[in-house]
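Which chain is which? They are A, B, C and D, in the order written, and residues in each are numbered from 1.
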Amino acid sequence: MKKEFWRKMGLSEEEYGMIKGILGRDPNEVELGIFGVMWSEHCSYKNSKAVLRSFPTTGERVVQGPGENAGVLDIGDGQGVVFKIESHNHPSAIEPYQGAATGVGGIIRDIFTMGARPIASLNSLRFGSLKSKRSRYLFNGVVAGIAGYGNCIGIPTIGGEVYFHPSYEENCLVNAMCIGLIDIKDIAKGVAQGPGNPVLVVGAKTGKDGIHGATFASEELNEKSEEKRPAVQVGDPFMEKLLLEACLELIKTGYVVGMQDMGAAGLTSSSSEMASRAGTGMEMDIAKVPRRETGMTPYEIMLSESQERMLVVAKSGAEKAVQDIFAKWGLEAVVIGKVTDDGYLTVKEGDEVAARIPAKALTEMCPVYAKEAKKPEYLIKAQEYDLSTLPELGDYGQVMMTLLGTGNIASKEWVYRQYDYMVGLNTVVGPGSDAAVLRIKGTNKGIAATTDCNARYVYLDPRQGGQIAVAEAARNLVCAGALPLGVTDCLNFGNPEKPEIFWQFKEAAAGISEACRTLETPVTGGNVSFYNETKGEAIYPTPVVGMVGLLEDISRVMTMGFKDEDDIIILLGENKDELGGTAYLSVIHGLEAGKPPSIDLEAERLIQRTTLALIKEGLVKSAHDCAEGGLSIALAECCIAGGLGADVVLSEEMKASSLLFGESQSRIIVTAHKEKMEKVLSRLSINKVPYKVLGNVGGEYLTINGSGWKVRLAVCDMEEKYRRAIACYMDM
Amino acid sequence: MFKAVVTITFKKNILDPQGSAVHKALHSLGYPEVSDVRVGKHIEVVMDVDSDEIAHKRIEEMCTKLLANPVIEDYQINVAVVE
Amino acid sequence: MFKAVVTITFKKNILDPQGSAVHKALHSLGYPEVSDVRVGKHIEVVMDVDSDEIAHKRIEEMCTKLLANPVIEDYQINVAVVE
Amino acid sequence: MRFGVVVFPGSNCDADCYHVIDKVLAEPVEYLWHGDRDLKEVDCVILPGGFSYGDYLRVGAIARFSPVMEKVLEHAAGGGLVIGICNGFQILTEVGLLPGALVRNPSLKFQCHNTRLRVERNDLPFTSLYKKKEIVEIPIAHGEGSFVADEETLELLEKENRVVFRYCDENGEINGISNPNGSLNNIAGICNEKGNVLGMMPHPERCAEEILGGLDGEILFRSLAGWRQGGDVA
């Protein structure tokens, strides 16, 4: 075999040697192509597996941890919440609309493959500066693509996040998350059990699109990337809607043994993973695969990433019943082979054997690497930056207005008004709040969900940044009145072959691990996206945390807006003199330096549990966490959301900028009726939660009084700035 | 004045869900003779330039910059004089 | 085999927001010479029929029945022989 | 009053309409499959929102040829009640039960948010429990909801008092600012001559429960449910 060929497949010399060893002969081109994708980072996690093993993955509620198409958590009454996040960064950087659309389509399939009805989507997005034309083009296309796919299929997009930073200029991030609901007894898995059982390809026809998408995702973007045309596909949400309804109807019949969507590496990964999980083999005649174009080779059929397809293993004898259901939805379901007991993936074209490989060789036997890790130089310099010399700007009101008008803090209304966030009649709290909340029909329960990651913190201290991402996600859920249950993560990093990048990755994962342990939110699945670089420059390390939580009683749902005049505003947690890594530093002083805010995970946990108890007892009327922009911005957001002003006193002896714009962690703003204040404060004292009574709600202005300074802004002015900022950029 | 007509279609290997949907609909409406349908965009751009040559050059540029995404689309240009 | 190309455009009195958006975008990209943009649909229908005449008749029918909405759209047909 | 909710393969508000009638109103309701020529003897047919057949060519274009629509046409001709919501409205114009057409929003974007509507007439089975000129809040969620029609048609609609809902501001004023999608005359919903067929872009089923943020849409369904069976349409 020519060296160029296996190099092109992304395999190393040692790996090629291993493959020869496994097969006991030279692989042919089809086999090599199959190994190439299955042993790519995207499919095999060969560079990240060792690190991911540190995540806590068990817990009382974990029904399905990592390893299946999606994780499942028990939410009582025999029901489970199914959820997962996935990246579609590289395709979106090349064709924003279709790249994002097919990303949404892929993650939705992961959910209904489990037998769950998808009930909501979220997304986490990163682009370069809003001042850049290219970033705006990508941003516009990505949001339209998410909307185009999600709205058509009828799954509400209920939340997410968007950040802008020059490090994403060429390599935007598009992470899509989907949540489904299932009766736990109905969970379907991606297993090919029962030798003799038929294997069917269902859904869309196979075309030449997307060949080598997985390998593409495992390389850096460069000028040649635009030439990798086949790696971008066009999504067909209508087809997926049909597939969704047909699959869910099929699962109800009990004829399904196993099912898996054809995502990255298409037929290759679905067949080998299903066989490998079950310890069986599979024999397929790819001449039978329905195709869109003529003249496709076995290689192309095995590696095609055409969308909206599934592989189904059915009970023997049920072929006709399966086909009838798909026919009702206007879809094809074709038997292409059967499960075998020899442990081999045997690919035939007619009578000709095109490839024959032990299924486990493609999955479990993929080599695992422990990459070299090295603390990057930039970090030491950045962390040592002396912030005490910063000039103190006088006009804090002006600073607040500037912050409210920056893309990262401003309202994301421009984005989520393009999403149908209401379809399904479950959205109790839509986008625009700390976390979105869905009711579960037929019960008193609700589910809350959020995605979070402040990549600037991770850049300045990956471990602490990883911890904060988890803590903030959990805090957002708590502010909605939900108990955080579990995590799905999407780890977006640069090229792991660089020791500095790998160090970031390891540290961030360790931080996530630690926070998940303390906050009791196990990781049930996720996704790693490496090679997010262009021209040698890596993105900011961006480990996105997707989290779901449970409300036992949906009537206790909480939102951040101030509710009534004269309510008392109480801050839980402590203001510290921490300006490192803040939005204030970045926006006002053009600095991304210092140590990010400190976090004490135990204190975080205490504050969260206490807030939740206050909400459950009906003692507070609003709750909002302090995040980007600090206390002042959090207060402004409460005012804007509630359409009410506030009068607040900050009496601490601290630099005004730190007090107003510092991003100290573990702080939550709550409001309570005057008559409930005593009770709230006594609860806080008993729980030993530090707090401050800040003032009261009312009027049309937000007034913040410090020692020797004062800010006074009209709520309507702040709202105008906050709501219009992104639209202004996009109308440019 | 020149009018450029740009026709944008998906590349051959790329899925054309619109085309397939129309194809299917035409079949069920009683047109079995239809063997393929592709749907694309038709863009008319009127330009105030001096020569056919400039018109061609400029519209070609607009296509690569804005009108089409060469990753998934092909385009075809026709320029004509208009009053 | 015949290939019919159907071009569908909005009637004159109907607003063409896509056209205006493209127009605006072209201006901001540095093409002030563009004085008008209209965006429509381009549909290619390949038919297995015996004559040009039949092809015309059938595609005309498809247009009135499905491809165009006479309330808002005009259409234009071109039929050519293909191998 | 028996309701039927049509299910096209790409409908996605079918279950929502069903839910409101079944669970909120506790009235009898059936699903009507697009491929069947059977209305199951319902009194009121609902064409729900969604993307009937993917809506790839034009919204609602392909749906109008489905077998169930033959029966819906007969039902409407016989004076039976039909309401098309969002995609349902688009289908009703394509099939010719209602005049005009719905084209792309001038923003070129899908828009999902609350809108205020002025109820222009309350003498219809769909609106009998609203007050005349009542201002209600009902969300829209569409990419192609801009109502257009030629001048004569528009004049006729106005003359015959067939505009049922108009986008308005908090004072009930009809103006450009309160028009979310450039619809002519701020039209959000219209009916046919006899008043038994209604098409509207906003989604009343999305505000029929307090927990989802309002009850303004529930009134429409309650109006229908309370309408005298076989009673004359005004």
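The working rule: a contact is a pair of C-beta atoms (placed from the backbone, for glycine too) under 8 Å apart; a residue touches a chain by one contact, two chains touch by 3 or more.
Just so it is clear, the model here is predicted, and its values are computed rather than measured.
Student: By the contact definition above, name the pair with the higher C-beta contact count: A-D or A-B.
Tutor: Counting C-beta pairs in contact, A-D comes out ahead.
Student: So, what's the distance in Å between the C-alpha centres of chain B and chain A?
Tutor: Spacing between the chain centres: roughly 37 Å.
Student: Using the average of all C-alpha atoms in each chain as its centre, how far is it in Å between chain A and chain C?
Tutor: 41
Student: For chain B and chain C, let me know how many angstrom lie between their CA-based centres, rounded off.
Tutor: The mean C-alpha positions of chain B and chain C differ by 9 Å.
Student: Where in chain C do residues touch two or more other chains at once?
Tutor: 66-67
Student: Specify, in ascending order, the residues of chain A that touch 2 or more different other chains.
Tutor: Those would be 236, 238-239, 330.
Student: So which bits of chain D are touching at least two other chains?
Tutor: Within chain D, residues 53-54, 56-57, 61-62, 65 contact more than one other chain.
Student: Counting only chain pairs that touch, give me the topology of the graph as line, ring, star, complete or other.
Tutor: Shape of the chain contacts: other, as it matches none of the listed patterns.
Student: Which residues of chain C touch chain D once you look at their complex with the stated criterion?
Tutor: 10, 13-15, 17-18, 21, 66-67, 69, 71-72
Student: Taking the touch rule as given, give the residues of chain A at its contact with chain B in the complex, in rising order.
Tutor: Against chain B, chain A makes touches at 94-95, 98, 204, 207-209, 226, 229-230, 232-236, 238-239, 292-293, 306-307, 330.
Student: Where on chain C is chain B touching in the complex?
Tutor: 1, 7-9, 22, 25-26, 29, 31, 33-49, 58, 62, 65-67
Student: Show which residues of chain A lie in contact with chain D when the two form their complex.
Tutor: 144, 147-148, 151-154, 236-239, 241-242, 245, 329-330, 416-425, 427-428, 439, 441, 554-555
Student: Where on chain B does chain D make contact in their complex?
Tutor: It is residues 17-18, 21-22, 25, 28-29, 39 of chain B that touch chain D.
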